[in-house]
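Look for chain A in each of the two complexes below; its partner is chain B in the first and chain C in the second.
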Partner chain A sequence: MSALSNAVAQVVTQAGETAGLDGDALKSANGASSAGFAYGLAAIGPGIGIGYLVGQAVQAIARQPESAGQVQTTMFLGIAFTEALALIGFVVFILLKFV
Partner chain B sequence: MTVALSTQPLSILAAGGEGGGLKFPPVENLVKWPAWFLEGTVFEFNKIAFINFVAFIVPVVLFFIVSRKPAAVPRGLQNLMESAIDFIDVQVIKPAIGPDGKRYLPMLLAMFFYIWIGNLFEIIPTAHMPANARIANPLILAIVALVMFIGVGVKHHKLGYFKEVLFPPGVPKALYILVTPIELLSTFIIRPFSLAVRLFANMLAGHILLVTFSVLCITLWGFQILNIVNLVAFPMLVAFTGFEFMVAFLQAFIFSLLTAVYIGGALHPQH
Partner chain C sequence: MSVDEPLGVRIEGPSPAMAVAVDIVKRAVWVVPVALLIAAGFWGADGVWSTLYGLAIVVVNFLLAGWLLAVGGRIGAAAMGAAALFGFLLRLGLIMVAVLAVRNASWVELVPLGLTIIVTHLLLLFWELRHVSASLAFPGLRPAPTPNPYLPVRDRADDPVDPDAEPVRSDRR
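This part shows the complex of A and B:
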């Protein structure tokens, strides 16, 4: 993974040098590009996870509609736990971009 | 005309260009709020503090009015507040703690209303800022939840609670080298941290989403031909406002549900 981000940083650095950016602007450009990568990668897993989770919950409710309340509560719990990863990715995005 | 057409779309992407460009408000607007009064003291009062006060006072006043003249057959406001209590009881406490969790209802109800009304200010015009998009707010709430579930565990199982958590029964002795640090980390550090970050990041992301679409709509308004994009952008803004209304409720619900789950886990550590 670090190889990928290194490659991205290199491309950004080269593009910045050709565009005549100074050190500070280059640093923020690097931060912005790695921020995009961080959030994009962090969104993959939770995306798959929440999709699978809600799909299974819908199936469970369709098979047994009377258990809908119980299934829904458990589904929200599962979503909350899965989603946390994506949200930590979002926080990392903010940290890389603005701090 | 052709020159204007070919340069305008470019200049709208290049921030700070000659033709205006998308000008996002600086991120300091999110983290530095001008003081209304008592500037420089600990009691500095700003918009976030005001929203917090509203979120704290509104449920208190509503429940107080209702409890003044309780009727056996609830009507109007009393009906609303009773169904709110019933919602917390049936949807949060029953599945998460069980029948013996009714004594935690006041705390969870207060938590739910405080978070929900604080979140609702995300879409209330002229406010447009969820109080929980500042990390201090969810952090305090998460610490309350942490102290609460540790307190419940210690009250009901004495110091055996920590033994139950750190050395879960039914695990081979040799595996405790692995299990104990993981349990220590996940129960006492990651739980409150993820609880706080979940609420904070959800509200902040929603706020930034709405700001992005608002800035887009306002910017496109100045470009005659590109105004067509507003036909898509503005309905999206309205739709996301509706979505954030749902998220505000859902996050309050999930926060109180997870707190209830942690309390339930401390109350009955076996499952």
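This part shows the complex of A and C:
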């Protein structure tokens, strides 16, 4: 992961130097790209998780339609828990970028 | 409902997702004073406003999630799946817009705002999860007592039970 973030920082640095940015602007650009990268990565996992969760829930409802209520309840809580990971990523992004 | 087309299964009746969301919002009412006290202690008035804003974001997020799933479920299971996934994207976008829109406001402290979003979200979820697990049913609705088919049927509750009576068995297993 650190190799990946280093690669991103290198790309941003090269792009900044090409655009004629000075040291502070480059540092700021690197911080912004890292924060955005962290948020993007943090959203991938929950996206996969919610997709899998909903797929299994739909399958369960199709197999046992009479249990749709309980499946939906559990699914909703599962989605919300999975989404918490993305929210953590978002808050980290906000704190990295603006604080 | 047709099992041949599982993705077309419509989920009728009151939506459990919306019921859970409303139940979570009711619990959030109890969280508000505690969160405001903590925010006031650490960050002052700006922290209180930021915490209130964060709480509003969390509450709207839950309600929107429940409503999207309810609407999707009435259309079909595939629509419910789409509502879950695209709703996730939509809500993340809305939260981002809501935070970025106020980040430069004079009354905003980003640290309590971010902490409120994460902590309240998780706290309310664990609280609700505990309730749902305890009742094994929809929130606020304990399962109605169902007659036990293996017990002898009595006309009145105070009638003595005949010890020699054969237990009444149900055909459904």
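The criterion applied here is as follows: the second predicted complex is superposed on the first by the 99 of 99 C-alpha atoms of A that agree within 3 Å, B and C clash if a C-alpha of one lies under 4 Å from a C-alpha of the other, contacts with A are read in each partner's own complex, and residues count from 1 in each chain.
The rule is short, and it goes like this: a residue touches a chain if its C-beta (ideal position, glycine included) is under 8 Å from a C-beta of that chain, and two chains touch if they have at least 3 such contacts.
Predicted model only: the values in this text are computed from it and were never measured.
If you put the two complexes together on chain A, you find that chain B and chain C bump into each other.
Contacts of A:I50 after superposition: chain C is touched, whereas chain B is not reached. Ranking chain B and chain C by residues of chain A touched puts C first.
Contacts of A:G16 after superposition on the shared chain: neither chain B nor chain C is touched. By the touch criterion stated above, A:G31 is placed in contact with neither chain B nor chain C.
The clash between chain B and chain C in the superposition falls on 27-35, which is one of the stretches 9-17, 27-35, 153-161 or 171-179.
Residue overlap on chain A between the chain B contacts of one complex and the chain C contacts of the other covers 69-70, 73-74, 76-77, 79-81, 83-84, 87-88, 90-91, 94, 98.
Residues of chain B touching chain A in their complex: 27, 90-91, 95-96, 194, 197-198, 200-202, 204-205, 250, 253-254, 257-258, 261.
Across the complex, chain A meets chain B through its residues 69-70, 73-74, 76-77, 79-81, 83-84, 87-88, 90-91, 94, 98. The residues of chain A lying in touch with chain C in their complex are 43, 46-47, 50-51, 53-55, 58-59, 61-63, 65, 68-70, 72-77, 79-81, 83-84, 86-88, 90-91, 94-95, 98-99. Within the complex, the chain C residues that touch chain A are 1, 3, 6-7, 9, 11, 13, 15-17, 19-21, 62, 65-66, 69, 73, 77-78, 80-81, 84-85, 88-89, 91-92, 95-96, 99, 103, 110-111, 113-115, 117-118, 121-122, 125, 128-129, 132, 136-139.
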